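What follows are several structures.
Next come two complexes, and both contain chain A; in the first it sits with chain B, in the second with chain C.
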Partner chain A sequence: MQREVASAGGAPASDADPVPRRRFSGRVLLPAAALAVMLAAIFVLQPRAMSYNGMRLLLGFSLPLMFAAMAQMCVIAASDIDLGLGTYIGLVNSLSALLLADRPLLGVLSLVGCVLAYAGMGAFIEARRLPSIVVTLGASFVWLGLALLVLPTPGGASPAWLSALVRLKPPLVPLSIVVAVLLALVGHWLFMRSSYGVVLRGIGSTPQAVRRAGWSLLTARTVLYGLAGVFGLIAGLVLTGLNTTGDANFGAPYTLLSISAVIVGGGEFFGGIVAPVGAVIGAFIMLLTGSLLSFMDVSTDWQLSVQGAILILVLGTRAFRRRRA
Partner chain B sequence: MNRRWLDANPWVWSLIGAVLVWGLTVASVEGRGGMETLSTALGFATFYVIVGIGQMLVISAGPGNIDLSIPSVMMLSGYLSMGVMHAQDAGLVLGVLVALGVGLGAGIANVVLIRGLNIPPMIATLAAGFVMQSMTIAYSRGSTAKPAPLLLQFSLARVLGVPVIALLFLAVAGVVAFVLARSSFGRSVLAIGQNARAAYLAGVRIPRTMAAVYLVSSVLASVAGLLLAAYSGGASLNMAEDFLLMSIAVVVLGGTAISGGQATVAGVWSASLFLYLIVTMLNVLGVGAGLRYVITGLIIIGVLAVSKSRPA
Partner chain C sequence: MRIAPGTLLATALGLAIISAASVGHADGTGVATGDTSGKKIALSNSYAGNSWRQQMLKTWDRATADAIKDKVIKAAKVVNANASAPEQANHIESLIVEGWDAIVINAASPTALNGVIQEACDQHIVVVVFDGLATAPCAYKVAYDYTAMGKMEADFAIKKLGGKGNVLEVRGIAGVSVDDDIHKGLVDTFATAPGIKVVGSVYGNWTQTIAQKEVASVLPSLPPVNMVVTQGGDGWGTFQAFKAAGRPTPTIVFGNRQDELKLWSDLLKADPGYDTFSASSAPGCASVAFWVAQQVLAGKKVPNTIYLPLPRIEQADLESWLKVMPDGAVATPVYSQAWTADLIDANAAGKPLPPSPVAKLGDM
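Moving on, here comes the complex of A and B:
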């Protein structure tokens, strides 16, 4: 599973590279080191960030992003891409803010429907052999439209239990770090340790082999998209809890941010090569760019630039290492 | 019509769709304003066409190739060109040059990232787009973004009811279609899209061709940004937000193969008209924004599912 697969772009020069890799070499270590450097820089610039409350404020909005990154990673594991994840998170945000507090049963049913729709989208893509990029693109319009239908203007309220949940203050370590560690462990077990995880990554690298080994590609892709639907659902719920309100457009930035987080965290677009631990780290890296800039007294207008530069740096380094390997 | 001809000309479907939707719209208002609707649609659809042609060339060059920087290029080009024009005709030439400069610069940046640093096109154009977007946001603070009067007139001008920009880009589309079908550059793009290895062995100069494709896409996006900013009376930060999805949607709906190697310029035009006329029809019928998005999304998925079920 840990082999490099030919990169895209149609360049013969970058064809298959048969060098095997050790389990964690570079793929997770590089982003982990990058995160450490960013945190060190933040602590030097703003020592007060190095406290329980400091970290809590600093990492507050990492919760939705890490779940979004995990959702996107499920899709990327199938060598697909989800361009509709952000608007899906917006839909969950709108539905949960409108329904969960007042009509819990209807709320839960609608959210279950969202996850089933996601799983169905995976089955549809596999059954008709459609390009995921266009299907998820079309779906992004559907999610946004549905969100605007249920919540034409921002509003609604977060149920009390949800707001309380995302504001939990566990002893010693802030909630976002506890959740990040748990999520990374769950993701790692699911994709890298469990035997079905090999099948899930396999449909992204060698679908023919997976099929000949007797596994259903349809089931695997449905499971992956279903998982993406579940993680996206959690991201949307957490967003509702943090913002205590709903907005159809809240989720939009998460599409590109989640893709960036997965790639920065060591995932690849092709070949079912993903790194769940890295995806969570990538989410933190993307989030902290904003804080780092404001501590450096640079306008957050430039946050997107820094995120772009990080993407270029990480991928440029990776391509350079691959060429030398 | 014979089946083989239809398969070779997939753009016919979206053209039929566009005509049907237009007919329904006109019928629903008892035949009034049919020509006006069409004329407006031609004007708006032109912007989809401009970026769609660039995206089509990129997508045709094979799997993995896509330009996600289009909306950012449009924004940056719109703001910078309006900024140097200061709403004066004297600044018109400079403004146009700045817009083209943005397009060339963005194209070169994309090419350097993709070919030089070996970054997958999706992430390379995404990252370049991030950088341009934040440049625009930083620049937009306190800058005036109004077009030169001449450019404004040009973007709104009509000849016999047909928008001039639509005529201009009908001609451009014709040229691109000819280049794709007849020139060695066009054949190279399609050859790479069909099988990069075979194209390489056949002597196609891949680096040069790929660079040209991304350059053309960025320059077209910058022209679209310039014209759209003028057309809407000034640049705004959200003027291009629909264009990422739309640029891909018009390419795919038009019948260009998402896996590359097969392109149809006529499809970009008919799909742009189709999508814009649907929006118009739903507006006329009083359908809200939410349902409009849902229907647009379902149409994109539905058309793709139907067209892919026919043997390639």
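Moving on, here comes the complex of A and C:
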């Protein structure tokens, strides 16, 4: 533990440190192996899933979840937690379905406003030294309230370009897999390779060291929450495209799903320890539990329990490995 | 001009398939008898956590188990989401991959599943939505006409009170379309009877305890109430509130919950002139949705929206209903294939809907 804190918190130069690189790959290997086993099981149980169309359908709803996981990871990188992400996604879903098709300018402005509000929330948390769990929980009611205000009953329509975009059928590989690879690469570069990424992870582990090295904590947390706002925005837009309409309540489950995806994918609640590639893999794992149970003819009433069990198993395994290390 | 033998064979096969999908009568009415013995029908249910939904699942199981036993269909299954629309959307995509021939859906959101429903229709899967409806145009909708329920209650009130009296309205959950529709039916009908005054309106959330609390809180401010119109699940609580306030018991239009019917039966024993009725949606609508899906697969022409009659219980039937209802149940029959075919025909022809049958022992 001490070693991780030191490596993440050391000045930007520590990017060359071999220790976090090794830890990182170990973090991602476990969820990657788990996902491979799940996919193998799905293919054995339901050979139809192995086709292009099968994969496209099975992974259709991975798009919003992987962006939600990436958004949540940005917040978790600061050792914070975002309990408002799901309703924020619902707000974006509602706003984009209501405005984007008919009044594009107003729609874009309102969505930019959403991202700014998210960045502002990060600044507020840093400036007033408030616990994120309380601020984001409070914000979750604000997002939901705003969403219900603009769209009291489900409705609206997705702009045609958005629906077409999320239903794109690239040759050979379904869209969700293409996007997942791109998102994982972008996330990996942003957090693991860029020099500012070390600062972003650093405020989650040893903020004093980051400040002493001359970086502004206020800026860093604002950037992290702003990034979360952007990824959450994309998740909401993708949902609008997939569902073709808006529903203020639709996004809510994404709060807990995104947290689970980050943790299952190798992230930790504290210490600025996150794995962008793992978060994307974690999103797939969370998504496929339902399909796997369905193919096994196990009642989906077990889905929540199984997702919870996976989470406990992952955390348990990690604690066990840490003790042996 | 030459015609390839393959084309002829294909045409012959096509004709054979079309003739196999014949219907009971020459004019297309009655039960369609096309062969569906190899078909599989799945139910995607948005939520299973209350007694109404549990009963709904039970009627689904009863209807499908019989259909499988009689070789009408090959397989059925149920997938429950935890009141989460994304989860349900994902379940439906899995069902598409699994190759189910028809998917019956009680939707978590009226709009959010439209994308996946369209996806299912594109794969030539029959989609039937019921209870929690979705607006996707390609889905068959099995719906209650809740405006008619409001009208039915208001008509009864106007007749019973002779066009003059005070009415208390107990509503459902604010913002839910079912509540809006019932309310609209009531308001529109009461508008034709100026002597009827709606002296109060509370939200009982279709829950006895909440209805009791809400009614109790407005009662002190109300003039004498002659009649209470409810939406079901709230009649027993309403009565308790009147009793606790020491007010005379008004005529309450009940819902079809067992506790409400039991109370009505007790009130009748105390006062044989206590004249009312009860109505609410039946969990058995799942069995109607199932048979609609089966009939579409069997080749029957089915209108896009099928309205269901709300089971209405009159004093004459009260005791026979109570006899077959376990404690805590909601009155519902398990609807049959023949009844569903009649319902589809009535909807297609714009004729009055067949009345909901009385339940048999074991339906609930």
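Definition applied: the second predicted complex is superposed on the first by the 301 of 325 C-alpha atoms of A that agree within 3 Å, B and C clash if a C-alpha of one lies under 4 Å from a C-alpha of the other, contacts with A are read in each partner's own complex, and residues count from 1 in each chain.
What we mean here is this: a residue touches a chain if its C-beta (ideal position, glycine included) is under 8 Å from a C-beta of that chain, and two chains touch if they have at least 3 such contacts.
Keep in mind the model is a prediction, meaning the values are calculated, not measured.
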Check the residue A:Gln303 against both partner chains and state whether it touches chain B (first), chain C (second), both, or neither.
both
First, second, both or neither for A:Leu311, with chain B first and chain C second:
first
Going by the contact rule set out at the top, does A:Pro64 touch chain B (first), chain C (second), both, or neither?
second
Hey, is it chain B or chain C that touches more of chain A?
B
Have a look at where A:Phe250 lands relative to chain B and chain C in the superposition and call it first, second, both or neither.
second
Partner chain in contact with A:Pro154 - chain B first, chain C second, else both or neither:
second
Examine A:Gly138 and indicate which partner it touches, taking first as chain B and second as chain C; both and neither are also allowed.
first
Determine where on chain A the residues touched by chain B overlap those touched by chain C, and list them.
152, 299, 301, 303-304
Looking at the complex, which residues from chain C come into contact with chain A?
48, 77-82, 84-87, 89-91, 93-99, 109-116, 118-119, 175, 177
Chain C contact footprint on chain A (complex, rising order):
46, 48-49, 54, 57-58, 60-61, 64-65, 152-156, 163, 239, 242-247, 249-250, 252-254, 257, 287, 290-291, 294-295, 297, 299-301, 303-304
For the chain A and chain B complex, residues of the former touching the latter:
7-12, 14-15, 81, 83, 124, 128-131, 133-135, 137-149, 152, 256, 259-260, 263, 269-270, 299, 301-305, 307-309, 311-312, 315-316, 319-320, 322-323
Write out the stretch or stretches of chain B touching chain A in their complex.
61-66, 113-115, 117-124, 126-131, 133-135, 137-138, 141, 192-193, 196-197, 200, 206-207, 210, 245, 248-249, 252, 258-260, 288-301, 304-305, 308-309
